[in-house]
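What follows is chain A paired twice: with chain B in the first complex and chain C in the second.
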Partner chain A sequence: MYDIASIYQAVSVADAIRALEADPSALVIAGGTDVLIKIREGKLAGCRLVSIHELGEELSGVTQAPNGDIEIGPLTTFRGVTFSKIIRGNIPVLGEATDQAGGPQLRAAGTIGGNVCNGITSADSASTLMALDAVLRVRGPRGEREVPISQWYKGVGKVDLAPYELLVKIVIPRDNYEGYAGHYIKYAQRSAMDIATLGVSCLVKLSGDKKVVEDAALAFGVAGPVPMRATSAEAAVRGLPVEQAVTAIGKAALEDVNPRTSWRASKEFRIQLVEELSGRALAEAARRGGAAI
Partner chain B sequence: MMEILSCTVNGKPVEVGVDPRESLADTLRERLGLTSVKKGCEVGECGACTVLVDGTAIDSCIYLAVWAQGKTILTVEGLQNENGELNPIQRAFVEEAAVQCGFCTPGIIMSAVEIVGSGQQYTREELRKLISGHLCRCTGYQNILNAVERAVNEAHKFVGKSTDA
Partner chain C sequence: MEVGRELFRVDAVDKVTGRAKYTDDIRDGPMLSAKILHSTIANGWVKRIDTSAAQAMPGVVKVLTCFDVPDIQYPTPGHPWSVEKAHQDVCDRKLLNRRVRIYGDDIAAVVAEDPITAQRALERIRVEYEEYPPVLTPEAAMAPGTEPIHTEHPDNILAHMDLRTPMPESDFQSVEDVLACPAYHRFQGRYATQQVQHCHLENPISYAYMEGGRITVVTSTQIPHIVRRVIGQALGIGWGQIRVIKPYIGGGFGNKQEVLYEPLNAWLTTQVGGRCVKLDISREETFQNTRSRHPIAFDVEAAVDGDGFLMARSCRAVSNQGGYASHGNAIVANAITGFRQLYLDRIGHHSEAFTVYTNIPSPGAMRGYGIPQANFALECMMEDIAREMGLDPIEFRLQNAMPLGYVDPFNGITCQSTGLAECVAKGREFIRWDELRARYQDQTGPVRRGVGMAVFSYKTGVYPISLETASARLILNQDGTVQLQLGATEIGQGGDTVFSQMAAQAVGIPTEDVHIVSTQDTDVAPFDTGAYASRQTYVTGHAIKQAGEQLRGRILSYAREMLPEAGALDLRGRDIVDADTGEALLPLSQLAMTAFYSLEHSVHITAEATSHVKNNTFSFGCCFAEVEVDIPVGKVKVLRIVNVHDSGRLINPKLAEAQVHGGMSMGIGYALSEEMKLDPKTGRLLNGNLLDYKLPTAMDHPELTALFVETDDPSGPFGNKALGEPPAIPVAPAIRNAVLHATGVAVNELPMNPQRLVEAFQKGGLI
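After this line comes the complex of A and B, so read on.
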């Protein structure tokens, strides 16, 4: 038995927002793979919950808008993202990232919306969504607003979401994925059922002859208190031949990150991972984009 | 406070009173007596409580019972045929000596049911990943992989084993 004071099962998004407005201290539970575990650990013991678990019709699924933007319902499971034809065909790196969270059963229950709303730096989808400059569409009692993911994270476990708001869409603008190839590397102690020691996602757009990095996006999880972009590393490799970029990106990324020591790994080791894995992620992304490297 | 949960369990319609705070694992074990559903870690890490909900393998310890309203649940108790004979997947676990203490076995068998039911062939490495949500402290996993591989191959009438073990 979970130590839950009350649970309200919302029947629609509007109903969930009403319930959250009536009880602003209530927590949203979606897939349950984070919230229930925190309750079991005692961290959220005695909480009141608003369940959106059964709102799949309104909040689940991946679609492509007429303008080419890809819209992901936040209640789409990790598995739903990985196996979506739209994701596989357009942003395979995102499906690759969601395929590395937990294990198969967790990926069938945990949701991508929960992964970005819990504000955790190690969230497997977060660094790729950062690299893609995703836009988070949030609905509250007074309508919708859009938050660029660069403004979303406010601190450890804190995101730009009022108590009575729900994330209703994760939008990947067409310009942010079209023409880019990507690669996500999760460094962890085990290949499954583990939390990232460091996560690196790299997107790259190559020149027509596939020899030069026209644009790159590099983002990290666990390289700071929240998922982050490495903007100076991106600037440092723009316009460089691919091989030079692969060599240069890791050192440049050290300017951007601020990892800490935790029981999982030391700050020094994480810095080593940032330097080494950035180059590997860029090299693989470029290879997928057609570079002969 | 109790709620009525109406769902299908192992092919039979079930109506059972549940506490909204209880996990599906609790309901299946304590109220329906389906003790193949094991409670190991109770935080979604060990996979011992794995059941199929609408055909998908999930950890029933981190799934609230009330979410199962109207859904179809399958546990190991629902696998045997009318004569009480073991299902081919269970037989594969026996044939390959994939069971030691047995605590992880029902959960892995349920993942195997989903894997076999997908109708696809998998490499050994893919199977490794597909059962990576289960912990076994006895076997070292080799015989479990052999069993899952055998079950998949038998379902597809494939002969022999892949060689990349």
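After this line comes the complex of A and C, so read on.
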């Protein structure tokens, strides 16, 4: 039994926004894999819900725009992202990241939009979307606006989304994925059904001879209160031969992060992981990009 | 032969199709919901509780607090009643407690029309506390001036034992003198284990109602007859006033060898006019408020001669008992005993144990009963000694291991059969020990491999520490099949299947013709203390064998009446046969019909027997593991793992294999990831859920291999001995020793989780 005061089943995006405007304290529920857990824990007990679960026609699916941008409907499940031909063909690293959330049941119910909107640092899709510089398209009563993901996270569990706004598209601009190879490492204690102790996503663009890092994007989950980019590490490896970059990126990344000690893991342990896994993520991304290392 | 057949479980189809009924499936009438208010301090007193707002809520039937409960302290462990006062369990808690001893202690309860109303009412109860600092370690609890957690134990020490084996033919005065003797290699070590939980699928759940002035409690338990007794003790009423029903249960592993919430639930129904009250404990409450495996720290020493023989050992174990005694000192007592028994000390052995009250969630029985802890300390120690002295770790173990005929100097338990050396030989071959030990020597690089092993011994049942009694009832049906009724319980381990096979074997009929009554109802089920101590196939097995032989005798004597002219008779399969020729003379079904309905001599053929077992015997086995260690990130991957067991004759080899798989899985979690973590400031459990408590998933397991060496134990009813708990025992030290082989780093504390390994590898200079 869940302690839910009311639930409104929206019939369209416009209808959902109207309902949220009428009741700004209501919460949006999509796949329910976060909201129901919080209700059970008591954190959201007695809440009122607006369900967008049935809005798949408007909000689900992965498409490629004529300009090559890839657009992901926020109601697309983790599984839907992973098995999308467009994602597999163009940004396999994102599908690999969404394939590591929870277990099979969760991936069939949980959505990428929920993963982005709950604003948590351990979200499995978040670090890869950060590395890809995704753009989030948000719709409210007065129309749409676009938020670069670098501006999206406002604090623990807080994102740039008003109570009456809905995320309607996650856009990956063509320039941000074309020519890049990527790799995501979810470091957790278990091989499934776990949250990341550290998430590392690395994208790399290699020179024509595959020997030099022309550009790299490195992003972390759980290295701070929100998902983050390691910009000084990225700058440090740009233009370096691949092997040198792999050796250098870990130490450089330590300039970017400031992890804390919690009962889940010590600061020192997290730092060791940042250093070690940055290099591993870059090495594997480069390997996928054709580098012989 | 029915014993030894690889039959499917008798409950397999019902369980797979969802037809098997568990506690929550049974009741279809109306039920009230109860929920418990847990304290938000770990140590102190409830000064006042204001329940008025909760009581005023619509749908709330009753709010009861620690000021309302009977002033009776009662015990909770699932031990048999002892007729000797000194051996009775510690009575140290009430149904709800004013004296708060753990974070989350039970201080009030709400009974409401539905669970959401009950939950909302809990949030309206206001509590005032007098708070003391939480005391989380035995060292802090034993420090002078610490507030006693129980006034009966002013120093917080529940029990202290000091045992020295007799040293009649020795020139040494004490074990300490042997340890100090310069002629021997002296080893000293300290090993510590963590608090872990069983994580059975089904949380504790019960419902209780009154009928005819008596209380019925339907509950998920391993020990229905003991639950009935403890409810009687806790409520101060006659034990016959209580009826306990145990349906199928979703696992127990020792947690349900404890009387958890049944007494509270029984009392709650009496407070609401006998209406049915359901008490469904959440996973979070299960972690916080039910039992777990004791964290135990071991300080050990050994003296070893130049030929690698153990001359003497000492073992000092300190066990953290948490807020309530539960099984109390029995567990650490078993730990130091198991530590001593597995190897011979040529001169002597000294063991000391403390069980100390603290404010951590109270540990109790969990698969292995102190031996997983002791075996970790012991098998780390043996490995470390072998390494220090340059001995072969396997030979070193085998040359010191308990021999056939060993008799324990304190309790008299005798080694009546042993296949330990054969087990080790099998495991060694399976893992390709000799090849891999050599290949994995002197590795470099961030990822390294290793192989390790550990051996164990484990007794069968609780004799002579406690009573061992069991009874069985067999009833012949009209069609020649039989009904088997027991007080012994099926808890997922396959008990019902092997009991049916044993009955079939003893009567002389196919197992398919034995219908076991799986549910225990204390109004009708024969007496048996239940599922624990790996005892049922041994102790209950004797009762089944006796009852089966009785029934067989009665059938044959009725057959003689029907076939007065025939030669010697026997019962084979479904027929009465000529014992010499095997010729079928009379179908058993025809005999049964005649016995039921004969106008000359009608008799209901039944048999009932009690076995009071005054014997015990040791099981043995080993684990071999091959691991790969990713040093910079502290990850251990178990590549291959095998347990080899000598549990005597196997009643059902397929089920035995499954039992071993489950235990190995628990061992892997114990070794690498599982640990209950407490906030050092408040004593609150931080990871009391299955996300943050790192129970390994299917993805974290390699293929599990179970092998057996079948000895024929003279004391077992069918040559069998303990198998229930042992599979969980040797896995953690085997993995630890494999990590040591791979990296050269000895980790002496469990679990070997990534952070602990990274810290150890940094300290060891590998990172």
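Here, the second predicted complex is superposed on the first by the 293 of 293 C-alpha atoms of A that agree within 3 Å, B and C clash if a C-alpha of one lies under 4 Å from a C-alpha of the other, contacts with A are read in each partner's own complex, and residues count from 1 in each chain.
Keep this in mind: a contact is a pair of C-beta atoms (placed from the backbone, for glycine too) under 8 Å apart; a residue touches a chain by one contact, two chains touch by 3 or more.
Remember, predicted model here, so these are calculated numbers, not experimental data.
Once chain A of one complex is fitted onto chain A of the other, the partner contacts of A:51 are limited to chain B, with no touch recorded for chain C. In the superposition on chain A, A:277 makes contact with chain C only, while chain B stays out of contact range.
Contacts of A:266 after superposition: chain C is touched, whereas chain B is not reached.
Residue contacts after overlaying the shared chain place A:293 against neither chain B nor chain C.
Once chain A of one complex is fitted onto chain A of the other, the partner contacts of A:193 extend to both chain B and chain C.
Contact with neither chain B nor chain C is seen for A:13 once the two complexes are overlaid on the shared chain.
In the superposition on chain A, A:108 makes contact with chain B only, while chain C stays out of contact range. Within chain A, the residues touched by chain B in the first complex and by chain C in the second are 1, 3, 103, 191-193. Of all the residues in chain B, the ones that touch chain A in their complex are 19-23, 26, 42-45, 47, 50, 56-59, 62-64, 66-67, 69, 111, 129-135. Looking at the complex, you find that chain A touches chain C at residues 1, 3, 42, 45-46, 103, 187, 189-195, 197, 263-266, 268-269, 272-273, 276-277.
Residues of chain A touching chain B in their complex: 1-4, 7, 9, 32-33, 36-37, 40-41, 51, 53-54, 102-106, 108-109, 191-193.
By the touch criterion given at the top, residues 114-116, 119-120, 632-634, 673, 677, 679, 686-687, 691-692, 694, 696-700, 753-755, 758-759, 762, 767 of chain C touch chain A in their complex.
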